[in-house]
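Pasting the structures here.
In the two complexes below, subunit A is the common chain; its partner is subunit B in one and subunit C in the other.
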Partner chain A sequence: MDALTLLPWIFDGVTGLALLLLASWALASPRLFTGIVMFVAFGLMMSIAWVRLDAPDIALAEVAIGAGLTGALLLAALARLTAAQAAQESASQSAKRKRTLRLFQWAPALLLAMVAAGLAYAVQSLPPDSAGLSADVAANIARSGVSNPVTAVLLNFRGYDTLLEILVLLLALISVWTLGGLSPQRTVPPGPVLDVLTRVLTPVLLLLSAYLLWVGARSPGGAFQAAAVLAAAGVLLLLAGWRPQPRFTGIPLRLVLVAGPVLFLAFSLVTIATGRNLMEYPPPRAGVLIFLLEAAATLSIGVTLVALFLGERPPDKEGQ
Partner chain B sequence: MTPSDYAASVLLSVGAIFFLAGTVGLVRFPDVYTRLHALTKSDNVGLGFVITGLAVQSGSWFVVGKLLLIWVLVLAAGASVAHLIANGAARRGIPTWTR
Partner chain C sequence: MSPAHFFALVGVGLFCIGLYALIVRAHLLRKILAINVMGSGVFLVLAALAKRTGSAAPDPVPHAMVITGIVVAVAATAFALVLMLRLVAETGRAELPDERIE
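Then we have the complex of A and B:
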């Protein structure tokens, strides 16, 4: 074995080892901030691993949502957590409360163990030596309306999975709004550098989001990646001190939030009513329909992610 | 190997050396300000060499344009973020290293 064939093995080995180390540091670090930084680094390494596995679509989603936006959400949560903890510690912290807290630390571990057992069972029950479904996808791709097999699966063959994913995000936002959130972060004046960077990057990010959405029909890209870039623009704007005007945060914001799920549901109802299968696209118009659904989904997912970063429900015109 | 392949491998290697130097600086330098200094140099120049090396090999002006766009965006983001981190550190009163 000469050096050039050995090189990919070394590269993959280092990547895998780094992933394991970063994951353990992210879980075990005593400081939450360090844990979050390790988690973001883990996301970046994970996206490299996905590229090595020939899955650029997942790599894009991992780096944009897994590392970028989840990292921003975690940091925003940490900033609120430290503020809330400081307020609580000045009140009282009895030994009993500490014991309940320790009890609750076991609950996530138990849930994770159950998920792991379920996954192990699912892997065990897979048929051995299966060729997978890629041959079926390749056989039907001409009728799907797009030429990127990942988009064909996500939006056409398994469209209801994507619908449920969008609904999960919406559910998360509704939960955050219902819980009322914590007081907003202390806002530091952004300063000229962040201000100029935001002004320069926002149009570029909007353009990139549209590009990713458009190119998703043929090559890696699509609604979730485009939405993540859109949300990045929103997070940047929020960090620079921008807040949506109250006249947009009432009904208009809610309309944008539900546009994707509502279009998906309406389309599903129409397909059932016209005697087709659930979310079965009529082949001649499949491409256009997929693009419209993806565009609405991009807008909804992006705005949902930004609203999650903002945390609490923005005040609207009625003043509540 | 064609001449452009040789040029690309030289450029990529020089870029890798800059990244290595930046990483050594990040690990070895004494405080946040000097570490940022090392990191941004390697990001800007090292990535410039890597991008040039890839552009020489790409053989398509469209790809060259996209690579250049990536470099410009990383330059803008890297410089701004370095400034923001240094500014935040200074505001928290983290002292600069003195011998």
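Then we have the complex of A and C:
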């Protein structure tokens, strides 16, 4: 093997090794803060692995959601734990408990080594070539209304996955609100850097979100990536101290939250009523229908993610 | 071994690292991190196995499932973090009670 054929292997090897090391560090670091930072770095490294696996759609979603938004959620939660509670991780373990842990730590390690060996064997014994469903997707993509196969699967062929996923997001938000929400985040006035950055970045992020939504029909992008960028803009605004006005947080907020699933269900009912299968869009109009669905889903998912980051149920004008 | 199998094995490794930390680490925030690492491992296996198409474009169906999974994972993480903060507010501890040792 000459150097050129070896290079991709070295790249993949370093990526894989870095993934395993960052994950171990995220889970074993002495301080929780370090662990979260390592987890965000791990998410960024994952997106390199996605690119190596020819999955740019996943790479976009991972950077925006997996690394960005999850990291922001984790850091916000850590900030709400008081310093004493966060530090108790190591201090609370009594001496006796530590002894017991040290004694038994090898047992799960041994069991998991066996699990790893079994899973590795299972993966290794799979056939090296398998086209999966890509032939079926390629055969039907002309009728789907979009030319990006991942968007075609998400919004057309397996549209009910996406519908149920948006409902899971709503369920998470309802659960968070039902738990009574959280203590309001401390609103410290933003420093000049955050203040200026938010003013400059918010319009750029909104534009980028619209671009990702539009380009998703043909190239990597789509509703989820656009929603994640939209949510990033919302999180930045919240960090800079912005809060929605009470007159928007009652009925209007809830209408935006359910816009995606309601449109999805309406389209499904119409397709069933006209004698087609669930979410089987008529080919000449499929592109337009998918774009409308994606636009509504982007708005709903983005606002749901921002509301999840805020945690507390925003007070509306009736004052709950 | 192809790159697809290599990344699938890395995914298996991530899953096991996460599962180990889920068992031995006590702090709930660390457990939430561990579940996220486990999820990333599963996603990596799924997308790596979609790449077994040689030089052709990879199978888009697992890709769509992974994107769906990433969004569901962030929703579950947000809910888990709120549950943890409620537990801390009620009990003052960010760990589950462990009757057998205490």
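Criterion: the second predicted complex is superposed on the first by the 271 of 320 C-alpha atoms of A that agree within 3 Å, B and C clash if a C-alpha of one lies under 4 Å from a C-alpha of the other, contacts with A are read in each partner's own complex, and residues count from 1 in each chain.
Basically, contacts are C-beta pairs under 8 Å (C-beta built on N, C-alpha and C of every residue); 3 or more make two chains touch, one makes a residue touch a chain.
Treat the numbers as computed from the prediction; the structure is a model and nothing was measured.
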{"item": "Winner by number of subunit A residues touched, once subunit B and subunit C are compared", "value": "C"}
{"item": "Which superposed partner A:193 touches (first subunit B, second subunit C, both, neither)", "value": "first"}
{"item": "Subunit B versus subunit C as contact partner of A:14, first or second or both or neither", "value": "neither"}
{"item": "Subunit B versus subunit C as contact partner of A:255, first or second or both or neither", "value": "neither"}
{"item": "First, second, both or neither for A:292, with subunit B first and subunit C second", "value": "neither"}
{"item": "Touching partner for A:204 - first (subunit B), second (subunit C), both, neither", "value": "first"}
{"item": "Subunit B versus subunit C as contact partner of A:266, first or second or both or neither", "value": "neither"}
{"item": "List of subunit A residues in touch with subunit C within their complex", "value": "8-9, 12-13, 16, 19-20, 23-24, 26-28, 32, 35-36, 39, 42-43, 46, 49-50, 52-55, 57-58, 61-62, 65-66, 69-70, 73-74, 76-78, 80-81, 85-86, 88-89, 92-94, 96-97, 100-101, 105, 108-109, 112-113, 115-116, 119-120, 123-124, 126-134, 137, 149-150, 152-154, 157-158, 161-162, 165, 168-169, 171-173, 175-176, 179-183, 222, 224, 301, 304-305, 308-309, 311"}
{"item": "Touch list for subunit C against partner subunit A, complex", "value": "2-10, 12-21, 23-27, 29-30, 32-34, 36-37, 40, 43-45, 47-54, 56-68, 70-79, 81-86, 88-89, 92-95, 98, 101-102"}
{"item": "Touch list for subunit A against partner subunit B, complex", "value": "191, 193-194, 196-197, 200-201, 204"}
{"item": "Subunit B to subunit A touching residues, read off their complex", "value": "73, 76-77, 80, 83-84, 87"}
